[in-house]
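Heads up, the next two complexes both have chain A, just with different partners, chain B and then chain C.
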Partner chain A sequence: MKKRIVIIIKYAVLAIIAILFLLPIIYMLANSVMTSSEIIKAYTNSPEHYANFHVIPDQFSLEQYYQAFLRRPQFLKMFWNSLLITIPIVVIQGLVSVFAAFAFTKLHFPFRDALFFIFIILLIMPSWVTMVPNYMMIQRLGLLDTIWALILPSAFTAFGVCLLRQFMRYIPDETIEAARLDGASTLRILFKIVLPQVKGGFAALMILTFIDNWNMVEQVIIYITDEEKYPLSVALSSYAANDPGVIFACGAIFMIPPLLLYLFHSKEFKNAKY
Partner chain B sequence: MKSNTKSSIKSAVIKISIAFLIIVALLTYFSGTIDNYLLPHVSKTFGGEGTLSYSLHTTATIDPLLSSDGSSLKFNFICDRAPDSFIQMGSLVNFKASVEAKENQYVYRSGTAVVVGKREVEEGIECTAEIKNMDLQDGENMPDYGETVVIDTVFESQVYGHILMKSAIQSGSKGDYVYLVSKDKDEKRYVHQTPVTIIAESDFYVAVDMDGDLPIVLTSSKEIHDGQRVIVDD
Partner chain C sequence: MKMKTKQAWTGFLFALPALIGILIFYLIPYFISLYYGFTLQDQFVGFANFAALIKSNTFWLSMKNTAIFSLIAIPLAVVIPLLIALFLSTFDKHTSFFSSLFLSPLIVPIASVVYVWQIFFTDYGVVNNLLQKLGIEPVTFFKGPWSMALIIIIFVWKNCAYNIILFSAGLRKMPRDVSDFARLDGANRAQVITKIVLPLLRPTTFFVILLTVISSFKIYREVYLLYGMYPDEHVYMIQHFMNNNFNNLNYPRLSTASILLSVFIIAAMLVFFMIERRSNK
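Moving on to the complex of A and B:
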């Protein structure tokens, strides 16, 4: 009986935490099916009148989706801008991280550990520290106001290398040596022996990199001046005050690609070992 | 079994992703066309400098205190709808008078009368206008004093900076406003709410105090809101 009560309490606590995490998403989805007037009313607060937050719409309406999909073409273009920026970053970072992590873990070359130490330093350095040097470099390369100004600095980060290295460390060297003895090349060992064993870590890296860059705002504002090239993440933050209703619908659309990516990798993500 | 479930989830996710991207791609490709089709069409006007006029068709009473030389005529009439600002002492009143005088006799006059008196009465403003130097033609008779005559008068207001048609003025909880039409670098037109203060109005026009000299939305095929893109029918 006592054991059962403990389990119930545990589940209750976990349920509360889960609801707390889900609340912003539920709130966003609920607001996306409210009418504009209801949303404006909910957000209008004054000293005498508190904001009227609620999650059950007084009147169900797809007006916000109609606006987002059919009446505001700029949001759809921004959605593609987001993909155009995020996908190259994920691909480049995935490739760079796999190669670098493999080299730092399984290859032997001079100053390997010293170089990795430098990588670790880069990892702990806040992105704001590298922002100004990056800006100057991008300016001199003539890449300002192009999507490469966003892709290049974000594609080469130490995080992926460190993450995959941790996973690769647990692959026995004997496996690699056995493959080598069987005549496998280094690339073959990497893609046929090592990578399948770190699928979970690689999936985690893909998802985290995607989400991190999908939500990019500050870099865009710094490197890009042409609003036509803005991703949807910037629109969500800058249009929110003027048009909260449409922004909720855009937020729901914006959530779909990371969600699909997570579902695609969910098994690897959950079964990740080490 | 587990592997089958895993691959079925993956294939479902791939199918959903492809469907989602195709829908978004199609909507993006046709978004301009769809948006243009659904955009409200508006007609525009410009707020120009001018005067307001107020037409009145009413009856007037010939003032019994008229001077006896017979060359001028005073008449009193009620301006029931005219704004007070229109009727100023000493201002000129354009009138097209078809004065029905005596039986079977008509005196037609058009010209300018001068407002020589006004007072507020229950029905509106009672105005006294004087036509000076009446030059009667042969066969025309002066109306008798105290007699009721029919008159058509046109009052002209002072000159205002912005005269607009009444249909351009919208009213909301924050007061009166108009929609100004601006265009961006791609020649797309957008409407912006601009508050206005109505100074005077006639039947169809208003004189307003406002900033900006952009075109103003006169009529719209659909309801419009601040910042909305529109198509202007030139």
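Moving on to the complex of A and C:
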């Protein structure tokens, strides 16, 4: 009996923690199926009238989604901008990092460890340090105010190399030596032996890189002056001020790509061993 | 011998694209910024730019706020997930369903939930509504010292998830019988955790701290989306200071700040790795 009470309490605590983590997201999703007028009515606040906690729609409606998809071409344009920036970053980062991480972990060449040390230092450097060198080069290459200014520096960060190296370290050298003695080429070893064993790490890299750049803010407001090129990660906040009636659906739609990516790889992602 | 040189060439070739990328966008321009850091209108001025930077009030304000934020938010975002992971490990059944729920703050874009935060925490918002009903004085989260508290809450909320996963993975790798034996020997729960579990969890903890520090550098995103370009002085961060100087393209000031901060971070990192190495002995 006593044991059962303990178990009930434990699940109650677990449920409270889960609600705390999920509340803002549930709130957004619930509010995204309200009509625009309901939203505006609920959240117009003043000293006399505080905003209420409003999570159950008076009336279920897809009006906001309809508005966002069919009546706000600007919204779709910004969404497209986000994809246009994020996908090339993830692809370049993935490709470049696989080769480099393999080289830094399993191949031997002069100055290897010294060169890798540069990557570790870069990994830690915050944007407030790296954006200055980035800016100087982007400006010299004439890339300011183009999406390349957002893509290139973010595609060549040290994150992918460091993360994948962490995974490849656990592959025994003997496996690679054996394959080499069998006459397998280095490329073949990488793609047939090493990559299948670091699937989880690669999934983690794709997901984390995607999410990180899907949220890009600081580079956009410095490198891009033409607001037509803004991705949603920045543009959505100006929507909130001008067009609050559709903001929840816009937020929900903006969430779809990272969510899909995560759902497709959640198993590898969670089983990834560090 | 021939094979060795061939392998060296392949290795170098494989690393080359990554090396070229960081050389072009990070290393070469960093040396260009060194030039700007020590000159003023093409005149070598020694450390004058650094002296001017250190005298700047806004620079110190941004350093102070970033330090306050890091010293409170990072420990919270490490300890709370550790406690939750320890709690999850006491369940007999699988809790992976819950840990994937916990991951959602990481996956949902910042911009998507910003409006929810605004409604909750604005002056006449949901949270103050609740406080008022409970008879507590309403709080201004978008002005004054509470704005820092709001940023810390959001950071912890967002970054707990991944750290719970990492800690849980670390706990799962732990040989279960070790703690079982200790329990048999009469050690109580608290002793098992502090004497056995935590020391074994040390490598995971270092990795979690490192990742949390890296995420803490990105808090500017939340601050910008909530407060815009010119926030309350309590949440004026280093990135704001840099952005103001980007806006008037003050190269010497930007370069000087970038160099100074990079040296500071390398120093902090060396200390961190030294502590890690010593604790692993």
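Criterion: the second predicted complex is superposed on the first by the 262 of 274 C-alpha atoms of A that agree within 3 Å, B and C clash if a C-alpha of one lies under 4 Å from a C-alpha of the other, contacts with A are read in each partner's own complex, and residues count from 1 in each chain.
The rule we apply is simple: a residue touches a chain if its C-beta (ideal position, glycine included) is under 8 Å from a C-beta of that chain, and two chains touch if they have at least 3 such contacts.
Worth saying up front: this structure is predicted, and the values here are computed from it rather than measured.
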Clash or fit: chain B and chain C on chain A?
fit
Which of the two partners, first being chain B and second being chain C, lies in contact with A:K77: first, second, both, or neither?
first
Name the contact category of A:S37: first (chain B only), second (chain C only), both, or neither.
neither
Which of the two partners, first being chain B and second being chain C, lies in contact with A:W128: first, second, both, or neither?
second
Identify which of chain B and chain C touches the larger number of residues of chain A.
C
May I ask you to decide whether A:T225 touches chain B, chain C, both, or neither, giving the answer as first, second, both or neither?
neither
Is A:Q59 in contact with chain B, with chain C, with both, or with neither (first, second, both, neither)?
neither
May I ask you to decide whether A:L260 touches chain B, chain C, both, or neither, giving the answer as first, second, both or neither?
first
Taking the superposition as given, does A:F69 touch the first partner, chain B, the second, chain C, both, or neither?
first
Rounded to a whole Å, what is the shortest Cα gap between chain B and chain C in the overlaid structures?
16
Taking the two structures together, which residues of chain A meet both chain B and chain C?
266
If we count contacts the way the header does, which residues on chain B are in touch with chain A in the complex?
6, 9-10, 13-14, 16-17, 20, 24, 27-28, 31-32, 34-35, 38, 227
Note which residues of chain A are touching chain C in the complex, please.
10, 13-14, 17-18, 20-22, 24-25, 27-28, 31, 43, 45-47, 49-53, 95-97, 99-100, 102-104, 107-110, 112, 115, 118-119, 121-138, 140, 152-153, 155-156, 158, 161, 186, 211-212, 214-215, 217-218, 221-222, 232-234, 236-237, 240, 244, 247-248, 251-252, 254-255, 258-259, 262, 266, 270, 273-274
Tell me, which parts of chain C touch chain A in their complex?
4, 7-15, 17-19, 21-22, 24-30, 32-33, 84, 87-88, 90-91, 95-96, 98-120, 122-126, 128-130, 132, 157, 160-161, 165-166, 169, 204, 207, 210, 213-214, 217-218, 220-221, 224-225, 229, 238-239, 241-243, 246, 254-255, 257-258, 261-262, 265-266, 269
Enumerate the contact residues on chain A facing chain B in the complex.
69-73, 76-77, 79-80, 242, 253, 256-257, 260, 263-264, 266-267
